[in-house]
Amino acid sequence: MKIEYSPLEMMAIACSRRIQDDDIVFCGTGLPLLGAMTAKKTHAPNCVVFFETGALDPALFEIPLSVADSRVMHGASHDGGLADAFAFMQNRFSGPKVLGLLSGAQIDMYGNLNSTAIGDSSKPTTRLPGSGGACDVASLVGRTMVFMKHERRRFVEHLDYLTSPGWLQGGTSRQEASLIRGGPVAVVTTLGVMEFDGSTKRMYLSTHYDNMSVEEIARNTGFKLDVSRAKQESSPTPEELDVLRTEVDPLGLILN
Amino acid sequence: MSSSKLMLASEAVKRFVNSGDCLSIGGFTINRNPMALIYEILRQQVKDLHVVMHSGSQALDLLIGAGRVSLLEIAYGANGRLASTCIRFRKAIEQGTLKVEDYTNYQLTLRFMAGAMGVPFLPTYSSLGTDIIERWGFSPDMRSSNPQLPGKKLAVTEDPFSDKASQVVLVPAVNPDVALIHAQKAAEDGTVRLEGLTFADIEQARASKHVIVSCEELVSPAELRKESWNNSIPHVLIDAVVHQPLGAHPTACYLHYDYDMAHLLKYKELADDDDQFETYLKEFVLDIDCHDDYLKLIGTKQLKSIKASPELGYARRDSNL
Amino acid sequence: MSSSKLMLASEAVKRFVNSGDCLSIGGFTINRNPMALIYEILRQQVKDLHVVMHSGSQALDLLIGAGRVSLLEIAYGANGRLASTCIRFRKAIEQGTLKVEDYTNYQLTLRFMAGAMGVPFLPTYSSLGTDIIERWGFSPDMRSSNPQLPGKKLAVTEDPFSDKASQVVLVPAVNPDVALIHAQKAAEDGTVRLEGLTFADIEQARASKHVIVSCEELVSPAELRKESWNNSIPHVLIDAVVHQPLGAHPTACYLHYDYDMAHLLKYKELADDDDQFETYLKEFVLDIDCHDDYLKLIGTKQLKSIKASPELGYARRDSNL
Amino acid sequence: MKIEYSPLEMMAIACSRRIQDDDIVFCGTGLPLLGAMTAKKTHAPNCVVFFETGALDPALFEIPLSVADSRVMHGASHDGGLADAFAFMQNRFSGPKVLGLLSGAQIDMYGNLNSTAIGDSSKPTTRLPGSGGACDVASLVGRTMVFMKHERRRFVEHLDYLTSPGWLQGGTSRQEASLIRGGPVAVVTTLGVMEFDGSTKRMYLSTHYDNMSVEEIARNTGFKLDVSRAKQESSPTPEELDVLRTEVDPLGLILN
């Protein structure tokens, strides 16, 4: 018997599976938060969620719709401010323990992200919200995971603006730029999960869902994507789906 | 002992906010925007503002939409699920009517911290290798003719304490003319207590020449001084205290009320059209005398629906279940 | 959800403090010295310590007097009206048995802040033109062989944002192996709440690899999380929580007890003589099993006399009038 | 009828008179604090007292014996920490309003102070407590006032260690060192009050008490002291003495 699920649900669950019990998870809102909350309610009960606004380990009885939502404040171990939150990510002891969950409008083959502008950034055709804390997180934490709609126009050869550093130009270029640690480990998309080659730091298809062939995924990517190592991502288990639907987002605020 | 700093929003804005000022707005996206003060700035026709803030939404979008902002230094202009990019902000940049320079949230926090600490810069590793460093929004000419703009957007330098080549980004200080903060509690002597997240409000206040605080509750100085370690800003740094319940509406104020989703959704729809935006601005801001009249327009029923649960600090979504 | 970090002082010191460690001690002169933890370090024969702190007194003086400190980076070693210079501190430096490098209180605060922020340095204008910059306590050889010492004491550099020649002092980060903090309240999950002045405790804790907190009151995590914005340090940064009432004696703990003037005056007299200092150390620290036994030695009457007035947070001097 | 008073009382009152109603007074403990508290209870009720430990405008029902005394915490407008207090002094808006009250073991003709060591600082004959916050205050605030025992061995040609900057080498050397403002305006001693020449920044005797001739004061000074401009400091008024003795230090903790 096949269980029905949406690509958004699959993304949240693919993210959840990649969160470890000792992770400190930097969250934005939306899908990444669903992933973290699902992990916490399944295999990683000790992972700690925090927000750039300064809230660490809040109760999250309801899903916050912004990182400044009062729902991130209630029941936390500490409610501070931005200075605390970003220092925590840059700190040499706590920073490496942080997994940052990010998203962007454009991504390149080295996992660099654009969330600033489409077109010429001095007079863009589309202005996007800007870095917010994304560049900081991408620069400072132990590892990052990126959420993307998998579309050819979003997976590009050249970003219109490099807002958040991934592996920069690949290889050892990230260290050479004096970035102290970190880099993207996975890109969770509507079609599958990409990872990065250990030495070239180029993106490759690691797992794909059952909604599209690997060849089609490659065709939906604006740069050459190595699909030779791809395995199939297991479908959501009934438990994963149940937790996500009934405990994490019972009102369907994000999933619907 | 010291004299009262309590005044109306209209008086505070008249005394401390001028056209051409460099302004910093407290709060963060949908929380604790100092809306009553912003509405008053709009009503008093203050213009040509230079705004420096980290993550703006409603307060910023109205100022931009009303054409009051000439220069903007910012990290983020969006409103969570309500606007993936703030609407008037996006339009103004796309149409080239607003000059903007991009930083990150941490960098803007550091700029306020540096201003508060009285140092010319603070260091970070954030943004090495990115266009945040490479692309500047303001020309050298603009920079040299405006003392409120740093001579350089950012400076990359060698770490003198490292034995290997290691670079670090220096972020320049900013000292705004005025910071606008909305707090849960304040006293007439200027002592301020924020509850819940402080965002970068404390750094913004400490960096600025003048600080106007609006508050939900006006408390006696003696009451706040009973737990002096829980106060957020000492009285000597504050110029004006404005007692304005619901002063952050339609954004949230933790422990008091939630964001007004219905109002923000209405704004989202209207703001997308130039004429409708003007109508909104007239109806909810310009044609209104004061914030209490604005609240009457919003209506008791709506305000009741966003009242925070005392246990949670926000309004339960299933509260009518 | 997370497991308890509650343990005895003896276990906390055994697990997290080693000979040779770089140690940072919280509190300030006569207030909130983590004495119960320091006594335990003395009893467990931990030695060869590198201590980095701003303004030390009783905790520091005992460690130095017992010969446990090899390196010291400090701004101030005195005890208000009780010792114009800390006695064993002064003797050790005059006799050349303790290597010391001098900073200012702000510079040490910035060193902890830089360590906490994960940056290599922070800037200040403080100490330009003084011997604080010119005279170094540690040789280049010592610096290059000890990774816990900065390669330079301080670095003076040009401000890249100034259009005229302007210099600024860069203060190097420090990341101690362990910070010892005494708090009013903590929970077994590690959440900490300080009441009254925080001194540089928060920065010291955030800069350090491990943090041991002793507390007057052990509170449930749920209780502290009710007002999460009044907490001082989040639980994830804390390694061990030690519940030890009167854990700062003979220094003060605001809202709980005052400094023990009688005991400190006795110490002042004894510490001035090498043999009598040894006797004090044996009697009050080394021959004692645990802090509760030490408190018995101090005596109920004495402890009652320093109990804080609930209104004032300290013991009224005229309370027996 | 002559009122009897001690040199310590005269010092506290000479300090008090030089505090203005709009000053924010940085205090250590001891005599300077008595001066500030007397000012606040007489002609400068709005002056605000603060401490390097982070307490601003406390109630001060009892005299604190250390800047970390719990008596500086009670009833304050804000109890923060060292980071707040020193940033407040360095800040371009609040820093200039601050009057810092300092003391030292040695002072030179330009008001530079030593509170670190007597003798060779690498193996001193007498180790002193060290800078604490004194160097920071002397570097950062709008103006400072120094308290000294007036003795030849303390007023020296050359400091053994320059802990806290006064006018450095005089003239414009303080600005040339990039110090952003400030400098000592007065030295209140057991014999009189010294000020600094507007252009050379050398110390001169501004007022003397009635306990010693100006020639004797010059002989008690280890460098050449200009006494030609000296006037007599008025004796304490009955009101000043009464406030000091009965309201500020009724238990005689500092004065006795």
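Letters A, B, C and D mark the chains as written, and numbering starts fresh at 1 in each.
Operating definition for what follows: a residue touches a chain if its C-beta (ideal position, glycine included) is under 8 Å from a C-beta of that chain, and two chains touch if they have at least 3 such contacts.
No experiment lies behind these values; they were computed from the predicted model shown.
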Chain hops separating chain D from chain A, counting only touching neighbours: 2
Chain B and chain A - chains in contact with each: C
B-D or C-D, whichever has more C-beta pairs in contact: C-D
Inter-centroid spacing, chain C versus chain B (mean Cα positions, whole Å): 38
CA centroid of chain A to CA centroid of chain C, Å: 40
Separation of mean Cα positions, chain D and chain C [Å, integer]: 28
Shared interface positions of chain A, touching two or more other chains: 55, 73-74, 79-80, 90, 140, 180
Residues within chain C bordering two or more other chains: 117-119, 124-125, 166, 168, 196-198, 228-229
Pairs of chains found to touch, sorted by chain label: A-B, A-C, B-C, B-D, C-D
Of chain C, residues touching chain B in the complex: 117-125, 150-152, 155, 157, 159-163, 166, 168, 170, 172-173, 194-198, 227-230
Contact set on chain C toward chain A in their complex: 1-2, 116-119, 175, 189-191, 206, 208-209, 221, 224-226, 228-229, 231-237
Complex contacts: residues of chain D adjacent to chain C: 29-30, 52-55, 61-62, 65-74, 79-83, 86, 90, 112, 116-117, 121-136, 139-140, 161-165, 168, 173-174, 177-180, 251, 253
Residues of chain A that touch chain C when the two form their complex: 24, 45-46, 48, 55-59, 73-80, 87-95, 140, 180
Chain D-facing residues of chain C, complex: 27-32, 54-55, 74-82, 84-86, 89-90, 93-94, 96, 102-107, 109, 113, 124-132, 134-135, 137, 165-168, 196-203, 252, 254-255, 258-259, 308, 312-314, 316-318
